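In the part that follows, the structures are each spelled out as structure tokens.
Next come two complexes, and both contain chain A; in the first it sits with chain B, in the second with chain C.
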Partner chain A sequence: MAGPVGEAEAGSVRIRVDGVEYPVREDLTLLQALDGLGLLNVPEGVEIPHYCWHPHLAIDGSCRLCQVELTRPGDEQARLAIACDAKVCEGLVVDTKSEAVARAREGVMELLLANHPLDCPICDQAGECRLQDHAFDYGVAASRMREPRRAARKRVDLGPTVALDQERCILCRRCVRFCREVTGTGELGVVERGDRSAIETFPGQALDNPYSMNVADICPVGALTTKDFRFKARVWSLDEVDGICTACARGCNVSIGVARGRVQRYVARRNDAVNGSWICDEGRLSYQQIDAPDRLSSCLARDETGELCPVSLDEAVREAARRLRPLLDERGPGVVAGVASGHASNEDVRAFKTFLDVLDVDTIGLALREGAADELLVSAEKAANAAGARAVGFGPIEGLLERLRGGGLDALLVLGHDLLEGDVESPALDAAELEGLDTVIVFDTHRSPLERVAHLVFPVRHAAEKEGSYTNLDGVVQRPSRAVRPAPGVRDERDFLDRIGVALGLAGYGMDRTA
Partner chain B sequence: MQKAPFTTGYLTEHCGDDAFGTLKGYRARGGYETARRTLKKGSPEEVIATVRDSGLQGRGGAGFGTGQKWSFMPADDGSAPRYLVCNADESEPGSFKDRLLLERAPHLLIEGILLSAFAIGAEKTFLYVRGEYGESIRSLTRALEEARRGKVLGPRALGSRFAHEVVLVRGAGAYICGEETALLESLEGRKGMPRRKPPYPAEHGAFGRPTTVNNVETLCHVPHIVGKGADWFRSFGTDASPGNTLFGVSGQVVRPGLYELPLGTPLDEIVFEHAGGVPDGRKIKAVVPGGLSMAALPAGQLDVPMADEFLRERQTALGTGGIIVMDDRTCMVRAACVITHFFRDESCGQCTQCREGTGWLNRIVRRIERGGGRFEDLALLEDLCGKMEGQTICAFADAAWPVQGLLRHFRQDFQSHVNQRRCPYPESFAL
Partner chain C sequence: MVIDDALRARIESEMRSFPEPRGALLGALHRVQEELGCVSSEAARELSEIFAVFPVEVLELVRFYNFFSEEPRGRHQVTVCTNLPCALVGANDLLCGIEGHLGIAVGETTPDGRIHLGREECLGACANGPMMRIGGDYHEDLDLAAACAVLDALE
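Let's turn to the complex of A and B:
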């Protein structure tokens, strides 16, 4: 995958952490510097546990877990300080493993757990909970808390997307800072003080913004959960696969949670070059399209009565060749057009372009659905690989549409169905305009109004079901891993095109392709 | 409220006089002469040097050198504004000294503000007053109005070329807002929570500008020091802790109230000779020397001079000089309940140790008081105190201090609660 986690930022100041020297940038704090070098809490790196600090939020300094022992030049003795807020300086010596550090961490963990309900068996976060992890690594096994624990509200409905359990909350205030600093919506705050403090919205207000569910990702404990994933699966039964979101051209990195062969959730995965640590709610929920009821699972062709019916792969491929061959022979490639989609991978759009080139088809274009954009992540282009399609030669669709409306086309090969949804306000095309065509062949993931006019439909894979690369709006090429198996019969566009090429007897297809 | 301390000195000698609270009365007693002279002919450097040489230590609880604090202000590069903040959020239990000055000597405070603001180059002072101090706010409002009308404040303060205005701000009732950076947060309209340091207020204070925060009593010493000199000031108090201060004595004593005395006056002299000891022939059990957040001393340790260099040796501190006397009927576990209840209630809640620790301490001592204590609880209390102390954004989690003090000197009280499974002090104050 492109885009490192934390950009390696060596600098001019040398610090020594647990005996190892690192060059760091002088304007950073210790946690920022180690994070910038990609060394923070990774194998072979430097381990400094923390709750309130987050690389993409302002420093808070309140959880006190990241205490380490610092000795600055001229200091007579080391002293404990929080690593999130301690500026680095030349000659700074850091000890993360001293007894004082261990004691401080143990103290913080014991106090954080003092009022914690310990309801891990019914908590969604169990298994990916920083409180569990750090209590295990730095805490003590037994609780000395004999008093009644603080009772608080366990099911606070914060808004349409997120629920809050105030008992589990450790008041790191990451969620509060997220809503103030990242979305600027400021819905969340802390009411009361001392050990009565609680995260709340203003009375009558809801946590309701296009990025609201990120607060569940950054909540280190099970206090904030998305209503979408709540009670759906135990996280230890999930396989986590590195994927990308395909809802727009940003290509935000996600961790795809898979259980029982199905995608259960997307969680934002950090990539400072693409999405930081965030993902929009629409993108997060776009995983639901993978198993949507309107997914295509079989090739479809028109029967004698004109109805689209499931057919075998071979029948569909033969039918494609049977329809295209006479058109090409009798009327030439000029009556055929190819519409690419921003959803297909680089490999698939390249295969499509090659296919069209071999046929000598030069009426081509890229169909894209466009919608609202925002200043944070959401791009107006609602597909993950528009840049990739453009890169192999698919340009604006207008010329193609003009030729179509002028009656110059007889056949259309279409990836996806964005052709009918070029713009949310005014679709590029109405399906009725395609009714007069001799042949319409569609390669798509989902059912669409194109079925009204399609003669053949090939079911293709969602990005989470395949190997492939995608180029985002900034030109970053990303190669997500396959997370789930597609339904049998659902294949890559390039695979169908190969078979059709063979059936058409095209040069370079079939056996001699290896030559 | 007392109109004047039982013993007075340079700071409070006129406080019994109602006229002293008026501009006319203050001027009739020589008031504003020092400021007039200094603002016209003196220099900020001279004022800072005099105050530094005097050894004046902040009277708000931390005892930091005032002149040194002023010298932290960055050089005045003309990029105004710079601010002085007067911390009048007196809320340490057992402390009521600033209140007297606010109510009875508002012009002394304004003169102190003028001189201090002149020294640090501040064009404006925010006077942040504890919200519950209604009489103080009335008195200050009157005095400020007089001072503006009388051109003591304004574009040409006291006829000089120094411009100054004072903005009165009323707090909303939070102990933590006496911590200088929480005060600044509150002043700016946010919830009172201490800021991470550095940067310190001198660099990044009120509204992000260079700011010095000084306590009311501290500022009231300044006109006297500037007017009479550092050597004069050093003729009071000890070498390390010069000057007079206002001791507030409360609790079970014959004459509770305020006493202006030199620093270094022995605690037993204040309690027995000045405050008359405990009434009804009872004995003293414990004395808190400097406001509730300081560790209490047992009856046998009252022969200590009231200055930090001596109190530190006994693991306590001068704090705000609020002396709380408890007689031999007092249950120290109940005292611990009251103390921890206060700190639990007032913790701002941002740092883990303080938020969780104050509540836990309180629940343990309440259980011991009710007779449900175990011997391990004493070690647990000590251990928790150790985990709270010194590890947070502000000094508030050092609220562990007074609990440590009680465990150090009055462990027997805790043990007898555990042994007898009840409180052995039927006559102690009720919770």
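Let's turn to the complex of A and C:
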């Protein structure tokens, strides 16, 4: 299909933008071409401001801000055109910095701002608002409006997740297109005409779909806000960290907003190879698990009365070795089993597999919670690293459960608690079935019914609290950055396993340990 | 169902005369407005099913055009054009005067349900403004007295 090596890609044309020549595909519009070259919305790129155009939505051409001067071969003079809807052609010359372009942007901004409320001090979008940014860059400071600004509804309840301020809306129709093109639910429309135009839902129908909060992400102004993040923090006080969502095997890219040491929100982060520009609402709100009240924050062990109580790290590690050593010596590794979790990072599942290999434990499996999938992003496997766990050798858990029920096991090392949840891949396991075991050691982020049978619990980090990589369902390996510090005592699985390995005197453990 | 079988059959036959069936939606809205007196949200929902569009797309049309109303209006739809050429020859004063004569504001219906008063965009009668439309009839070159005489003659 492609041309001979060394020649330009078939169907490619050369365009010149502000004096620099680029080869681009001829079936693209100017904005698509520049976006494909990675030149849009980056400091060293080509600056073409835009509101209505979005790389993953159909062209609307309504905001008029992306005007540039175009000269096509044969044109006698340059003309202003919107870059979002201008097809590229061989020899196209683009000027984004001319006087005429500056005047056009200024004019568009003046019209957009004519009725826009001066809400910025109380607007959630302030600080990440394209209108604010572009007004600063291209607008004029003073308004020529003598008439009172349009008054409209400030708090429209669009549905369970999103609120609308009609006064702030600039009618770019991104949200309307999102609901029609991406989710196919079509809840939103523009009603009325002229300066009375407003985003509206059909009477009795709410904006209510599994991806609804993306409309707040793509709203270039503060018109659409998520009820979850509304009035919660000023965005300029957020540290934005590149993370991934861990709610399912897709591994959607998110920007993690952190303030006061806590995660305040996830917003979708564009990655065309994984999630485009979107994330599902369930994934977006899954950040709430990081600071959930049922997070484990300390090692737990049984006291004399059998109660599970907080203990120090050293005590917990010693207790693990004290329980495992006689089992291994007297009954052998055959009575021990290891259950991996799709929530643990590649580094942690590998450390777990190595630990089990050194012990010679070969009864292993992957516990995975399954649920509904959809055609857009949501995967049936409700963990971020199921593929990574499989890659290091954790397979289906059926064999392990069979041995357990057959009475062939005495000890269980468990990452996470997906083993117990009702809709696991395999027949659900009741915690009571583990009651007969000599030793159950759990490594988990959150409290769970496993506590009823666990002898030892090690508190581990959420993906947002650690360094680690995750392999998504398509085999894409992603390495999110650490966004927040975990509570003291909350460590990586690999760290606990390393210490237990040392306490057990296992070969290869503790050699590099300096402290 | 508020759109009965006969009306539905008419709409569907009009759909067949358009290359894109949804091209007939505007006409269908006129049929519904004429026959049912308004395009209620039930009617809009039924139209959205007939045309296989989102309900809010029907609402967009209903609220964009002045011809359609979501609730029943009075027996006579009286609208005064207030676009620029009519405004320049006194359409707004005329509308004010009519409001006073009928005792209602623009957008309201007289308590007896006789007249609904509205404002209209350009009807193409610019040379004969100010003007008003009552149903399908144009009344042109109006002053307040002439307009009131026409209104009083309505049953």
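Please note the rule applied: the second predicted complex is superposed on the first by the 495 of 515 C-alpha atoms of A that agree within 3 Å, B and C clash if a C-alpha of one lies under 4 Å from a C-alpha of the other, contacts with A are read in each partner's own complex, and residues count from 1 in each chain.
Criterion: contacts are C-beta pairs under 8 Å (C-beta built on N, C-alpha and C of every residue); 3 or more make two chains touch, one makes a residue touch a chain.
Please read these numbers as outputs of a predicted model, since none were measured by experiment.
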item	value
Partners on chain A (chain B, chain C) - clash or fit	clash
Which superposed partner A:61 touches (first chain B, second chain C, both, neither)	first
First (chain B), second (chain C), both or neither touched by A:136	neither
Which of chain B and chain C A:200 touches, first, second, both or neither	second
Chain B versus chain C as contact partner of A:192, first or second or both or neither	both
Chain A: partner with more touched residues, chain B or chain C	B
Partner chain in contact with A:115 - chain B first, chain C second, else both or neither	first
Interface residues of chain A shared between complexes with chain B and chain C	190, 192-193
Residues of chain C that touch chain A when the two form their complex	41, 44-45, 54-57, 59-60, 63-64
In the complex, chain B residues that touch chain A	174, 176, 191, 196, 344-353, 355-360, 363-364, 367, 380, 384, 386-388, 391-393
Chain A to chain C touching residues, read off their complex	180, 186-193, 200-205
Touching residues on chain A, where the partner in the complex is chain B	59-65, 67, 80, 85, 103-104, 107-108, 110-112, 114-115, 144-148, 150, 170-171, 173, 190, 192-197
